[in-house]
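You will see chain A twice below: alongside chain B first, and alongside chain C after that.
Take a look at the complex of A and B:
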């Protein structure tokens, strides 16, 4: 894993330091877990770690593109919840309608975000906050305020629960998304335009880039990936979950920022975002094992507190680093 | 003719910015576009590049009628613009910046990074620039970034390169490199539209000149047929102002002691060597073209910008202010050029706007002494003749002239010894102009020293007792009352001795 990730980290940019830090922290944490807990390196732990965290990795990928443009998408958790409900309702018609339905639901929400932000010139923060509420509301309305069982007869549950070549299907999906995301950002002109727009919208416009279209596409993509995460959620847990997804946006933002992407936009890396997502997930994996040892007992609420504090620390460190490089 | 813009008009919410302006550029020609602030230069350029849409008029480029809906469209057609604040993406590499929006692609539709790198390096080499094209643009100096922007224009196969004040942030050596680059462009048949205001540079590099004033094109000629004096006269124009001679006739002002003197002050590239003085009870004018360092000199005196060399004396004692608060405490006031930006607070009342600088002194037991505030405000409204419904009227409802009076009052009520006033009558109608100038005169008669920065000749001629002329950051002439004339001012500004 480390080897395949190492290439994008060679890029000559100010984020180098942060990216190296993420990899070191990730390696250190894995080593710590392997030495301290008996079953940490077991196939069961590794596979369930990948299966569960693929959803977050997908959302973090979409968030990375949004943050690179200098924006933010707070709606991803709500959109995933809504998509999980849509997918669950469509799952009796086959695995594909379930998959496609959830993704389209996410895409529509993302496209509406994009339209509001580019056409009506509303701050992304406000637009996506409103979408978060709207998406949760829609999910609860559709699901009549309870979880919606998926069909177990059409193969829909394969998406979240089965393996392919020994690895969970969600992990394959996330891996494919990350490879495509990396190629797009690093090697496709449109990906470079995303970076240039984050560097300065007015400048990008004067250079002849299609700023509005690109921003629209970025929010639509974030919605699409959140929809995909919602499909995996429904498939993995056997039900559409209108109340899931709370705090997912924070996890995604934290992953992106931990990966060295600047919240001010204009720089960022797909590989480092994956490393950031893995690092955060690993922190919780280690906490779970620690809980299992019985020395400490951390509730899910404490995990939220830790997650929030972690994000805050990273953002403060990032701001300090930036000041130093400017001086 | 490569480009022909005819009868271009444009208004912003009813206020005309361009009135039937025109511009013509031949292939391989370097055209200077000059004019004062607000003359309409940048509006004209933005219409040409598609950043704004014209209201009326015709644009022909390479013999075809064109309308550019976006900057991208004009670029695709061969018009490239190098903006003053160089528009490149600072975190992206040099090669990417050169090719952004027109990247070479491989068969798979992905970036052809080798072609980008090699193309960028080779085009930069034609401008004698050998830099690592993989480094982010933000690593390089302003001059290099400008070259990169020009290289970008060249790879776009631009037929016309627009340069908006390209030398404003360059030192002399860098200017020489830029001019060499412009000559290279010219040799390749590329036309350049050069917007600038340093006359020597214009005469060195440009073939022709188009002069704008008040949204109109007022002159167009070959550079060789346009003497400097004539050019400056066209730029500044003549307003048939009904100013009476507001200045005093006698020379007794000269006998009064010097209150403020600036000796060989310098700061950065904008102020190189400025010496000037203001006597007690005198209106001392500071003149010069746009960019000559007038406002910057005022900023140094007032402690906004740091003085790097030279000395400032108040009543003979050397002073050096590190911030405006120190200058204010020493009895200096500054009414700045742009009322809207750093002067008035639109929604606040006349009373509040007027006493803003005075508030700390108006405190009684920690709260504002309303009775004294009211008394001061009433006094100044009467003394300066501010036309308003009541002191509680929001200042934004007043006319420009009356707003200016309130700002004046703001400083006057702090009881200053020296008042610096930058463009005192900008945006004020003609009747109010004379009134403001008369007001300044009567203040001077009461002993106030006024430093009046102005780009309007009539204003200087009418009100100033003495005028110091700046050119390119240096004080080049001091004209006393008896030497003041339009010709004398113009020739000093054009920096022609004799």
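Take a look at the complex of A and C:
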């Protein structure tokens, strides 16, 4: 009895603690970089940082919604790769068909995830793991095992490469998505349903919430955002890449968890997820600069080791905090 | 058969029976059907070479899937097996090529290159187990850490370079034959038989099932839940290590980027197709072996008939979903 009563309190306090921590860490890291490296606070570094990391921020947003319901989406990397191929094929017909095509491809994959999870009642990680496989398979089939170059004549590359009012277009897209996501989760009734489902699916069902519909929508949204990230990928690097996206799910999960969202669902915040994504990206930005100084030399292979260690530290901390608040 | 999706009240009662039937005999039926299909369609299917190719390729899947079966039986999952294969497969050549240890005696080096990599990945398995038991981190997330970082460790160790070697003594585990049977097939059989006996006839085997069936009840009856869970992750790590050694020995080369890539899915699929519930509480080793054969045969059938590799991925994805679906229906 005591345990059930204390649960919302516990979730809230550990979440708040993590949110404060992630902001402090982010500020500290930026300060460290600004003092240590010459061009860290240069417009070039800031803009390319935002341009490149918008893709990951978008995927992390979708993942946040999925994790808040207590699920997981391991297919985002594969779906983004597939969407990048679709977008590249459609780019000769104009920037809009490219954009829409990639997003629809992502949406379809997400919707299939949602159907398998809600209708066939298969655990999210199995359903999305299978989708990861199927999405990579589809991407490779469509692309004939090669990368597909995009058209440079129709303005498609502007989505990933151009600026608007001094900021990269991908950053605007991500910012818009986060504002919409925040309004939805914090202000819209359906957003509260997402939280309620994560807290207890059976209870939410008894309360008359449309559990299946909401779950379906959450996975469809995650697929849509992964598709959007795939479009940006193709546009930014000039090619649809069927083998890209490996490890993206980990980046997204780590961002969400760093932001204090519990992996067990029921709590979470859109703003903190953004902070988590920025923090994780900033770690790599600082490491790149450190590499440039020549004191250390980290090959690209270190990236995955660091990503993994980062996730490890965060989940262990989260587990510790949960235990402490429980005691 | 086509009535499975209709919702007329009369047929609703028949549905679980259908699922139970499929759950019990579906894997075996699928295996027989695949063999029959190949006998008719695929040229030269009935040959020693085909049998050889399929047996040697299925061996690593079976070895890893047996470990996965034990982990899944406790209600967990191990996504790190592919990466652990890469670590073992990377470290072993470094040892017998004399890059890490200042030992001259080749015999000792070969022996160590079997033992040390497996011990190393067992330590990683223990690490998975500690995350799951001591820190109460969900198995998916706990093993996701090594899923990505583990391959990174192997890549960092070799700087992503291919290690090519020729060492008949080390490669005996993949190239050698005992009484005409490939060594890796013998390892596969030993692993499967030992695991089957472990589950059937030993205390820890029964404890594994009990933990997966109802963890709280298991704890209350005095089963050392943490130790049992840690044990299965260590076993899973060890078997992944053995599989990693076999793969590099077979290829005469070790590529940290590729060894064991996607193996976690093959292993999970073998378990699911083989009839163990993914939610735990059941461990069907014979089913897992059969499941691995079905997956291997599906891949072989597609490739032998000119279907591209990428399409085979999609088929495998569908197979996993259908197999899990049938298992869950059978239970309900």
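Here is the rule we use: the second predicted complex is superposed on the first by the 313 of 327 C-alpha atoms of A that agree within 3 Å, B and C clash if a C-alpha of one lies under 4 Å from a C-alpha of the other, contacts with A are read in each partner's own complex, and residues count from 1 in each chain.
Please note the rule applied: a residue touches a chain if its C-beta (ideal position, glycine included) is under 8 Å from a C-beta of that chain, and two chains touch if they have at least 3 such contacts.
These numbers come from a predicted model, not from an experiment.
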{"item": "Partner chain in contact with A:253 - chain B first, chain C second, else both or neither", "value": "second"}
{"item": "Touched partner set for A:21, first chain B, second chain C, both or neither", "value": "neither"}
{"item": "Chain B or chain C, by number of chain A residues touched", "value": "C"}
{"item": "Touching partner for A:206 - first (chain B), second (chain C), both, neither", "value": "first"}
{"item": "Which superposed partner A:145 touches (first chain B, second chain C, both, neither)", "value": "second"}
{"item": "Touched partner set for A:92, first chain B, second chain C, both or neither", "value": "neither"}
{"item": "Contacts of A:309 with chain B and chain C, given as first, second, both or neither", "value": "second"}
{"item": "Touching partner for A:155 - first (chain B), second (chain C), both, neither", "value": "neither"}
{"item": "Touching both chain B and chain C, residues of chain A", "value": "none"}
{"item": "In the complex, chain A residues that touch chain C", "value": "72, 116, 120-123, 125-127, 129-131, 133-134, 136-141, 145, 247, 250, 253, 257, 263-264, 299-309, 311-312, 315-316, 319-320, 322-323"}
{"item": "Interface residues, chain A side, partner chain B - complex", "value": "12-13, 183, 187-189, 192-193, 195-196, 199-200, 202-210, 266-267"}
{"item": "Complex contacts: residues of chain B adjacent to chain A", "value": "51, 70-72, 75-76, 81, 83, 87-92, 96, 100-103, 105, 109-111, 113, 134-136"}
{"item": "Residues of chain C that touch chain A when the two form their complex", "value": "77, 131, 135-138, 140-142, 144-153, 155-156, 159-160, 262, 265, 268, 272, 278-279, 308-314, 316-318, 320-321, 324-325, 328"}
